[in-house]
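Would you mind keeping the following structure in view while I ask a few things?
Per-chain numbering from 1; labels A, B, C and D assigned in written order.
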Amino acid sequence: MSKTIKKIGVLTSGGDSPGMNAAIRSVVRTCAYHNIECIGIYRGYQGMIEGDFKEMGPRSVNNIINKGGTILKSARSKEFMTEEGRKKAHSNLSAAGVEALVVIGGDGSFTGGLVFNKEYDFPIIGIPGTIDNDIYGTTHTLGYDTALNTVVEVIDKIRDTASSHNRLFFVEVMGRDAGHIALNAGIGAGAEEILIPEEDLGLDRLLESLRKSKLSGKSSSIVVIAEGDKIGKNVFELKDYVEENMPEYDVRVSVLGHMQRGGAPSCFDRVLASRLGVKAVESILDGKSNYMVGLLNDKIELTPLEQAIKGHSQIDRELLRVSDIMTT
Amino acid sequence: MSKTIKKIGVLTSGGDSPGMNAAIRSVVRTCAYHNIECIGIYRGYQGMIEGDFKEMGPRSVNNIINKGGTILKSARSKEFMTEEGRKKAHSNLSAAGVEALVVIGGDGSFTGGLVFNKEYDFPIIGIPGTIDNDIYGTTHTLGYDTALNTVVEVIDKIRDTASSHNRLFFVEVMGRDAGHIALNAGIGAGAEEILIPEEDLGLDRLLESLRKSKLSGKSSSIVVIAEGDKIGKNVFELKDYVEENMPEYDVRVSVLGHMQRGGAPSCFDRVLASRLGVKAVESILDGKSNYMVGLLNDKIELTPLEQAIKGHSQIDRELLRVSDIMTT
Amino acid sequence: MSKTIKKIGVLTSGGDSPGMNAAIRSVVRTCAYHNIECIGIYRGYQGMIEGDFKEMGPRSVNNIINKGGTILKSARSKEFMTEEGRKKAHSNLSAAGVEALVVIGGDGSFTGGLVFNKEYDFPIIGIPGTIDNDIYGTTHTLGYDTALNTVVEVIDKIRDTASSHNRLFFVEVMGRDAGHIALNAGIGAGAEEILIPEEDLGLDRLLESLRKSKLSGKSSSIVVIAEGDKIGKNVFELKDYVEENMPEYDVRVSVLGHMQRGGAPSCFDRVLASRLGVKAVESILDGKSNYMVGLLNDKIELTPLEQAIKGHSQIDRELLRVSDIMTT
Amino acid sequence: MSKTIKKIGVLTSGGDSPGMNAAIRSVVRTCAYHNIECIGIYRGYQGMIEGDFKEMGPRSVNNIINKGGTILKSARSKEFMTEEGRKKAHSNLSAAGVEALVVIGGDGSFTGGLVFNKEYDFPIIGIPGTIDNDIYGTTHTLGYDTALNTVVEVIDKIRDTASSHNRLFFVEVMGRDAGHIALNAGIGAGAEEILIPEEDLGLDRLLESLRKSKLSGKSSSIVVIAEGDKIGKNVFELKDYVEENMPEYDVRVSVLGHMQRGGAPSCFDRVLASRLGVKAVESILDGKSNYMVGLLNDKIELTPLEQAIKGHSQIDRELLRVSDIMTT
């Protein structure tokens, strides 16, 4: 029965991440491989509502595997949160003959997809695309590995100047709800301390840790801070606090910001995107719906979308201990 | 009993790989964390024979986490293959009070370590450091992820010129016995065909595949070839063969060579190195010997060294299929 | 009179180089700025013969300033060497209303342009695009600066592994007639010796230099060799020769090849391309013909095409001395 | 007379910049080449006051040509601004037998050197090391070219996400007094508008320019802003102002900060550093004092230090026009 699907739509939604283009390419070519038509939907759910569609053959995705961003563009759509908006979207899909959707995005995008699925019984498969790695059901979201490399490369540069001047740097990285980037890039960059949303280090322990670092003979220090850390001060307030309490330190702040979302994807993200795209399309052809494809124990597996949304991707507590030992 | 170990030696051996320095740093700092002395042994087993040792405190490994190569240098030692050589090595270790060894290297290095262990009952823990990813007991060897990124970045550049001239490129990458680099970097770089030691594509299928690629409207083609592929011709002979049989192609060859071993390690390799180093030292303190530490299902696990050496790290057959679909 | 020109064609020809796209973008947008139409000609002179043209508005060149290769493709055209071919080309240009040409390429491309100009009195302005920097009338050709960075980055990686193993590497870089890349990248990469077409170091002096390097306590050595060096042996023969005469050395060879032509252009090449494109179009509007635009003393200047072709871009002899001092 | 100099000191001072290590290496090796002793002075003038010196032979600068930062460290010294401080410094230099100084830094560092020279008639040669390119007497300061590449690479990444979301980004780059980085990197990154200290664009023209850009069909816009721009609002106030006046825009801000000072130097900066170091030492040996070595018309030339300090490095006005045309 499910084999009768003849046309699949693909869209990217939410914050873009490196590897989204590689995933689009994979979805498009897997469709071509199975002689299914593929429709690219521009600007996420908003483009669905506006009927901003384009047929995509296998050559339309040449030379995009290594490009950051998303050729299908992304947008947040308030209109899709209304019944009216979703009705328009559905009617556009029907008119275009699209029978199933691959949604590349984060949990907000999946939530929208789930609502749509429930209203219209429309088959949806999600591909986790976000640099934050905060989705349950996959050890790696698309773009996360690339973002880690971007962050450590930038901190390597900051370390050059920190070492030359014996300075302390606070580097803020992305991660409102999850400390994956801060924790892994912090270890990778040899940070002296790491602040993440998952635990509140506390101001006292931060000062203590910086004193220890100074005493141990280190000439410079980097503290990596996730946006959503729980220390109770933003990064600029933190600078003031530390300078007040440790006048021997000349603190500099660097907020990495949006550059973390861009850039050519790493090989890991390109291969992962290729695998996820194949699995997403073939799951649809197998009659599956409301699943997310993800990487678990180095295999591509399905997780129910609801679980992916409600679950929480835990940080690896072992890494906190590794980070601690590394600052000896 | 095992807790009485007070001094650990660390060495790098065989071909160097990015992440070796990060692993040395981790071993040194984990020793310091546990109040164990750490001795760096230069130039692998050869330095062991020559007593080329140096005490390493936690500050001696500052600012090396992001450096390619190995500050302890590496060498192949013929002398260590002799009983005489190993005797000298053991006597140097004894004189220096070294009671256990962490060996960072590939299967050749582990084999040497195993022989040494059997003769002198000397505790050894291996850390898999090689770009080839050809070691059983870990899904990723140190340096493999970095090498993949190096290769796709170079092929991205070659693709620029290939596309501009509608050319066919044969790109030879490392991998005498294992096609991991070729297969993954080939998919990551969007290669039209991939030749690996694990299977013989055959000359006819190569030509057929290139014809298909041409017919599909692709303006350029990249074929990624592992050193140890089984097609029966070296890369330059292959160029001649293809040009004879498909005169419409102007084939260029690029042999990537040693650059694949160098460069700043990726964040993945830095974090992996940090985790492996901690586990290696703590396994010794737990009384373990003759194990390799490795990454299995995203956890650091022990595998008996003998198994690591004799086993074979299989390529992921699913990736062959993904590669096939991607060239649609 | 010259102000009556209403349509300009632009093409890329010969080997591609980073910055060609930035130059195309600049030509297209400068045309738009002056309300001139711009026609892109695909695949160089061959596309001119085949009438492979496309109108290019300012938005057609969005997001290409940072892309390697050339979106107009390049090709070598035997047909354009014939009168018949050039006749077809001229008739296509006339039919399309193209009244002047901007040719982005090397001296081969300029020579073709000059012949065409003489036969048809067709206004031509050249933009020097080649990584070799071998064109008279500009201190920098487009792509040269990028290629230098590519080469030093690769040699930095090779240095990692060379240092780890105390090895000697021969690295062959592009440059059949000119040693600019080898000389500058050699100094930039800290090479112990540099072989260029402009002077024959001689086998004896090479050996002597390597001995000196060994004696001075260097643990590894890199020799950078231009393709067109005059030492009388290719790089593999040279390896054999040195290993025979200095058995203490284990020599490795790396031929960098086509990757040197690709990659995102450096900021220098992007700015230079932007400046050259403006000057090329405005020179045509000023009634100029048969000139090359180039960078001289940090200003964009015109050089007669004939002079650019016949002249020879000299290496800076001072650099040979700097290189010598640096290997102290 | 001047030939009697037997020992030269070298220091880095002020903000660090990529290429400082390459310059140190060049000074050290040029000294060795001429059989002069070389003394490294740590932490700039402060280390001079504290006698923090180290003899540097040619092997002490192995493998630093490609490292960012400065192995001699840098610091700002208030003490050196006092007579007392300079007296200590001079007495330390005398005790160590140092007879001349090479000062690598910006105009603040040169001013300090000049005062010292006047008080003690101590020969000083300056090497311009700062990313800002704001020194008279050289078309390029050390680190400037590298910083430009760092900035365009980061903006390339930001462009990925800007294009995917049709957003407007304000990117603040370094340059308190000089717009060289903003102007060149802005053109290189294809910025829609560039704000520099050298001219006040005005808020109205900025809005007009953004409207024009929107109308022209551009899907995203990048505005590059030098720290010291004259528009009268800081980058965050500017965001608010634009969002108020152009509610169709969702503006994001990125302040690049200190990463611009770090990283491996470009080939250009490495070669320039090598040339400047040779000339600095040989100028001392020629009896010169109180000069800065710089690049003028592709040659290394001397400029009196006073002139270098008082003069002002002008931006190239032609580039403003090129930038304007490029945004057509």
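Quick notes on this one:
Here, contacts are C-beta pairs under 8 Å (C-beta built on N, C-alpha and C of every residue); 3 or more make two chains touch, one makes a residue touch a chain.
The model shown is predicted, which means the values in this text are computed figures rather than measured ones.
Taking each chain's centre as the mean of its C-alpha atoms, the one that lies farthest from the centre of chain D is B. For the pair chain B and chain C, the distance between C-alpha centroids works out to 36 Å. Rounded to whole angstrom, the centroid-to-centroid distance between chain B and chain D, based on C-alpha atoms, equals 39 Å. With each centre defined as the average position of its C-alpha atoms, the distance from chain A to chain B rounds to 28 Å. Contacts with at least two other chains are made by residues 156, 159, 163, 219 of chain C. Pairs of chains that satisfy the touch definition comprise A-B, A-D, B-C, C-D. Considering their complex, residues 25-26, 29-30, 32-33, 58-59, 62-63, 65-66, 139, 145, 148-149, 151-153, 156, 159, 163, 184-185, 187-190, 216-219, 264, 266-268, 270-271, 274-275, 278, 297-298, 300, 316, 318-319, 321-322, 325-328 of chain A touch chain B.
Only residues 12, 15-16, 18, 20, 67-70, 73-75, 150, 154, 156-166, 169, 219, 252-255, 257-259, 261-263 of chain D touch chain A when the two sit together in their complex.
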